[in-house]
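As structure tokens, here come the structures.
Heads up, the next two complexes both have chain A, just with different partners, chain B and then chain C.
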Partner chain A sequence: MTRDAASRRRWRDAPLALAMLAPSLIVLGAFVLYPLARAFWLGHQRCDPTGANCRSNGWDQYLDVFRSEEFQQAFGVTFRFAVLTVPVGLALGVGLAVLADKQLRGMGFFRTVFSSTVATSVAVASLMWFFLLNPSVGVLADWIGGVAKNPGLLQDEDTALWAVAISSIWANLGFTFIVVTAGLQSIPADLYESAYVDGASGWMRFTNVTLPMLGPTLLFAGVVLTSRAFQSYGEFDLLTGGGPNGSTTSLTYLVYGNNSIIKNNSGLQAAVAVLLFAVLLVLSLAQIRGVERRVHYGN
Partner chain B sequence: MNRRRRPAAAGAVLGCLLLAACGSGKSILEAGNEPRPTAAPVTTLPGQTTVPGQTTVPTAPPTTEPRPIDSLPPCDMAALDEAAADGPVEILFWHGMSNELGRELERIVDQFNASQDRVEVSLEFQGGYEQTIDKYLQSDTDNRPDLVQMPEYTVQLMVDTQSNVPVQACMEDAGYDASRILPTALDAYATESIQWAMPFNVSNPVLYYNKKVFRDAGLDPEAPPLTLEQLGEYGRTIQATGAASYGVAFDSAPDGGGGWFLEQWLAKEGEFYSDNANGRSAPSTRVLFDGPTGVELLTGLQDILTTGGGVYVGENPSGTDAFLKLADASTPASMTISTSAALGSVLQFVEGGIIPGIGVEDLGVGPMPSPSGAPGTLIGGASLWITEGRGDAEAAASFEFISYLVSPEIQSEWAAATGYVPVNAGAVELDPLRAVYTGDPRFRVAYDQVAQTPDVPTSNGPVLGPLREVRVTAASAMAQIMNGAEPQAALTDAATLANALIADYNARRG
Partner chain C sequence: MATSTMPRGWRLAGRYTLLIVLTIVVLFPIWVMLVGALKPGNKVLQDPLLPTHVTFDTLREAWRDGNLGRALVNSTIVALIVTVAQVVTAVLSAYAFAFLRFPGRTFVFGVFLATLLVPFEATVVVNRSTVQDLGWLNSYQGLAVPFLATAFGTFLVRQVFLTLPKDLREAARMDGLGHLGFLREVAVPLARPTLGALALFGFLSTWNQYLWPTTISTDDDWNTVQSGLRALAQAQIDKPNLVIAGTVIVALPIFVILLVFQRQLVRGLTAGAVKG
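Moving on, here comes the complex of A and B:
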């Protein structure tokens, strides 16, 4: 009886709950759920260049797109880009945050400098690096010489992805720095004190206190940076245009880029976008489930 | 499912994805399609010739029926007179002209709006050609502009949208005299005997070179190379004398050295780029750039690079890399091929004194070198398209504005300020362009290239629905060749992909 009563009460509350959820449901529905469903539907179709006259090309289009040469190559590029940017970005962010986490005069200045890239848009960061790396007029090109001069780091198949990654790491450093700094400030000082009393060296305090206590922060930053790396577009568009020879055609560039061969082919573009979503979903779940158990949330 | 088994499940899904990741080796364009029947062995029929390394080419291509103009949206110029009685008709004009070009266009539109009170044009810059195309394709009639500027490679794409009033309808209704509009420029935007759009800004590739380097190397600064062989020789001389580090700087951009120039070079050699007379006698089914002329051309370019006559600057995504190589302080090049539309901007840049050692007078401009050195060019640049369904008065007002833009007076101002070729022959006889052409012959080079173009079918460029994507595949092949790949193999691969793009486009257009 009581269980029935409770369930009835729960149903009576439903309209109120719905009313209170409505604002976010409408926004989420209009800007996330509907476009997602529409993209999923579009992904099995082929349309004319204006996106009209769509016809079904079978749901196996998804599997074929996934296995196609272009998708596989773009997937590889995107994966390598994430592997290049995420660990280095995290390590640099932690390093800078630990360096700046000291009560010294003038530290505010360094904190401002280290976090400044968070206020720099991808476009500005990319254009800056574009001119720094430009083989003819770039400052860095003359310093580095060799391939940086001819044909240029961004125009050599072997170095282009690295060069884009450097720009991306730099642009994301501000974000990682701020997140890790916040994480550092929540570590209780008495942990360091007791470690110090126990005779732990600076390095041991870093590996045995700082890093474990930063676990949740690093997991968060890692997941965000990975998903950002998989969704990067501006860097590729502005620095390389997907080239040279497709070596920086990421999944996002394959969908949106001006030099993509599926430009004006909305069915295939949607299929790639949905597959990117699926890949990211699986990857984020794996990251959270796999790492979570090893993360120390305190107490 | 308990907590412990979830990571395993996630791992299993990831594993599945990775398993499926064993690529099929097929192109994404084939995705979801039924496997095609294997091609029947090629037999040569009477009346067909076989080209080595190619499938058969019909010698007599089929011809399309001219499309009757009555079957297309009409244009009623009287509608403007009626509507203008109640105040000016407002029209929206989308364009892709950036920087100096955009500022000059703004000036001309302001001048037009001030000169009369029948039509009020508001100008909207879309960020570039590509953005204009994207926005136009993805919008419905209500959200499209009344008038849009579209680059030359979109002719078939635009015709297939069936969203335009052909300018021919307006020309006929208005009794417009088009006799002074350059015929080759008009022809570029006409298919199936219909004049779809009005050429507005015409450009073509020209050779930019550093006269100072030419003098230092003992070359005549007033006699730039005309053939590819000369281009290589000049480069080797420049490099050998130490006048500059490199001769010519090549890029492989889709809208530059990689895609657009290939079309230009084939046309200059009197060759079609795609079958059915560049898609103008019937829809193209395949590209021809992997034929003997294409291979010979690319082998020649590759030779220039390998014998020390030039340098490859990459895919030039910003459009500036090839020019900047001429301004390189440590290892400069001394020549490059680029669009004539850049001349005004380049001169302004040089005038700013940013590049040490190069003055405005040191910049030379010559015709685009080609294998045989034959004159002529394909029409590059963009044209003006009137949108259907926005109202009769708006269509008529758009045409009235078009007539103003292509008038001798305005074309004279426009060409003098930008370096574009005037589309109206009368513009050359008027100042300021007359003064510019006599005072600074560099601006005249692109015009002469158009004027000297032979009146043959190959002088009308390819009209392919996916021409931009086909250019990307050609550019990719050219990049590989400039990096040392074997020309025939690279071009054959690119042609295979290009043919798949054409087939896919035709299937989707349905």
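Moving on, here comes the complex of A and C:
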């Protein structure tokens, strides 16, 4: 083949490829890549508190934000929120999935029930728990009593983040249950049979067969739940408004919340948004490695 | 029972007891919500666990006060636009990556990959001003356009296309099918289960969006169900059972849809779906 012909072949599909890729490229470029680059630029600009008169003055605003008390508190809140929600959510999801995994009568019903919270949006789940925990009419507030009645779990600085975490664990339970159930079903039955023949008890089969075989699934679910926890916004907006006293002001709430002290300062908002991206980038890279492992060692 | 001292019957009974208790725990918030939504405002403190004094007045009032009819229409339109567009853009771009040879393919694919690393929450600050500059605040375009394509969809469909045997394309070429014919007649039909999962997933994640509609819908008429619910919750903070009635109205359609499409949802979630 002549070089001319080879080059023509190389380019022959190019116009069609461009036409097929253009819609995706335009959307992703305009609403994912451009805003990230633009936020990176905006984040170094110093604005006055109303968001006007922004001007470039070196890149040290990122350092200032990173060192500021507000950012560190919000990072701490976000981190604690992830620590409160992810391990408990995973453990509950695994427990429910293992219980409902046997081929017994009625398991279809239980599976539907345990998957059901996947249908609740963040607004729906949050308002359900807002109702349950409402100090004057909430059933749970009545049962718990004490601080739950006055001022209310969501209104007390020491309990607010816990209360938001419970709502979030409940809302994510359906997702975790579905993913772990799928993982359980991909474990070959003969592994259990040989463990059974070897005389392993139920608990030993769980720790020696189920958990190791679920490894990639748990890693996947854990990373998804962690990155969701870091991106959570609606829970804080609806349940606590970032309060009381900043005890539930997450990174996302610091950027977007109505009560945030940087609400009108686009430079600072962009800076925090970029730092949020940086935090999530680390998590996303962990997730990609997790997905790769899933492909290599999974079913 | 070589390995257990407990008789099989007892273990089974224990398992079912535990399952029933956990069912009650998981469904408890949903039950309290339904009971609360069916009570009149002045009876909300009476029998919070039992459906006494049942009335539909609270639901009706929430429907009216929250402008929820309009919000349901808005959410449906936006979610349908996004769903169709996501499937189409995913199929087209996945086909280009899987079946076409062009210079820079690896690089462009890398760019797609990179967009997966950008959380939407980090881009809203700028996207809001983009949409504002376009004059799209309070509009269907504004609600839908940022989500018309996702790299996630492209990857999912590309994975399926890559599993199709190369001979299939050759045979189709012999039969005189061009790329578009092959895409329509062979590739898309074979990818249908994945496309179904992608469609359901796109619909759900659009329907459940919270930050974006609360950011760009400043006018009551352009609320989606989620931002409408937020508006209702903030306007009626003193009427908890009115807010919970609105929550029921917003929650119900999705529960029904998910009961119907359970299988597609499982496929979508386990395929590595990350946005919630």
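Everything below uses one rule, namely that the second predicted complex is superposed on the first by the 248 of 299 C-alpha atoms of A that agree within 3 Å, B and C clash if a C-alpha of one lies under 4 Å from a C-alpha of the other, contacts with A are read in each partner's own complex, and residues count from 1 in each chain.
Criterion: a residue touches a chain if its C-beta (ideal position, glycine included) is under 8 Å from a C-beta of that chain, and two chains touch if they have at least 3 such contacts.
Keep in mind the model is a prediction, meaning the values are calculated, not measured.
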- Query: Just from the overlay, do chain B and chain C fit on chain A, or is there a clash?
  - Reply: clash
- Message: A:N134 in the overlay: touching chain B, chain C, both, or neither? Say first, second, both or neither.
- Response: both
- Determine, under the contact definition given at the top, whether A:G89 touches first (chain B), second (chain C), both, or neither. neither
- Task: Please work out whether A:R10 is in contact with chain B alone, chain C alone, both, or neither, and reply first, second, both or neither.
- Result: second
- Partner touching more residues of chain A, chain B vs chain C, is chain C
- Message: Quick check for you: in the superposed arrangement, does A:Q61 touch first (chain B), second (chain C), both or neither?
- Response: first
- Message: With both complexes overlaid on chain A, does A:G222 touch chain B (first), chain C (second), both or neither?
- Response: neither
- Mind working out whether A:P35 is in touch with chain B, chain C, both or neither, as first, second, both or neither? second
- Task: Return first, second, both or neither, reflecting whether A:G246 touches chain B, chain C, both chains, or no partner chain.
- Result: first
- Give the stretch of chain B that clashes with chain C in the superposition, choosing among 349-357, 385-393 or 421-429. 349-357
- Across the two complexes, find the residues of chain A that touch chain B and also touch chain C. 130, 134, 136-137, 142, 238, 285
- So, in the complex, the side of chain A touching chain C is made of residues 9-11, 13-14, 16-18, 20-21, 23-28, 30-36, 38-39, 42, 96, 99-100, 102, 104, 106, 110, 112-125, 127-132, 134, 136-139, 142, 170, 172-173, 175, 178-179, 182, 196, 199-202, 220, 224, 227-228, 231, 233-234, 237-238, 252, 255-256, 266, 269-270, 273-274, 276-277, 280-281, 284-285, 287, 291
- How about chain B: which of its residues touch chain A in the complex? 6-7, 10-11, 13-14, 17, 20-33, 130, 137-138, 157, 160-161, 163, 254, 311-315, 317-318, 321, 324-325, 327-332, 465-466, 468-469, 472-473, 475-476, 479-480, 483, 497, 501, 504-505, 507-510
- Query: Inside the complex, what are the residues of chain C that reach chain A?
  - Reply: 2-4, 12, 15-16, 18-19, 22-23, 26-27, 29-30, 32-33, 36, 44-45, 48-49, 88-90, 92-93, 95-96, 100-103, 105, 108, 111-112, 114-127, 130, 145-149, 151, 154, 179, 207-208, 210-211, 214-215, 225-226, 229-230, 233, 240-241, 243-244, 246-247, 250-251, 254-255, 257-259, 262, 265-266, 269-270, 272, 274, 276
- Which bits of chain A are touching chain B when the two form their complex? 44, 46-51, 53, 55, 57-58, 60-61, 63-72, 75, 130, 134-137, 142, 149-152, 154-157, 238-241, 243-246, 258-265, 268, 271-272, 278-279, 282-283, 285-286, 289-290
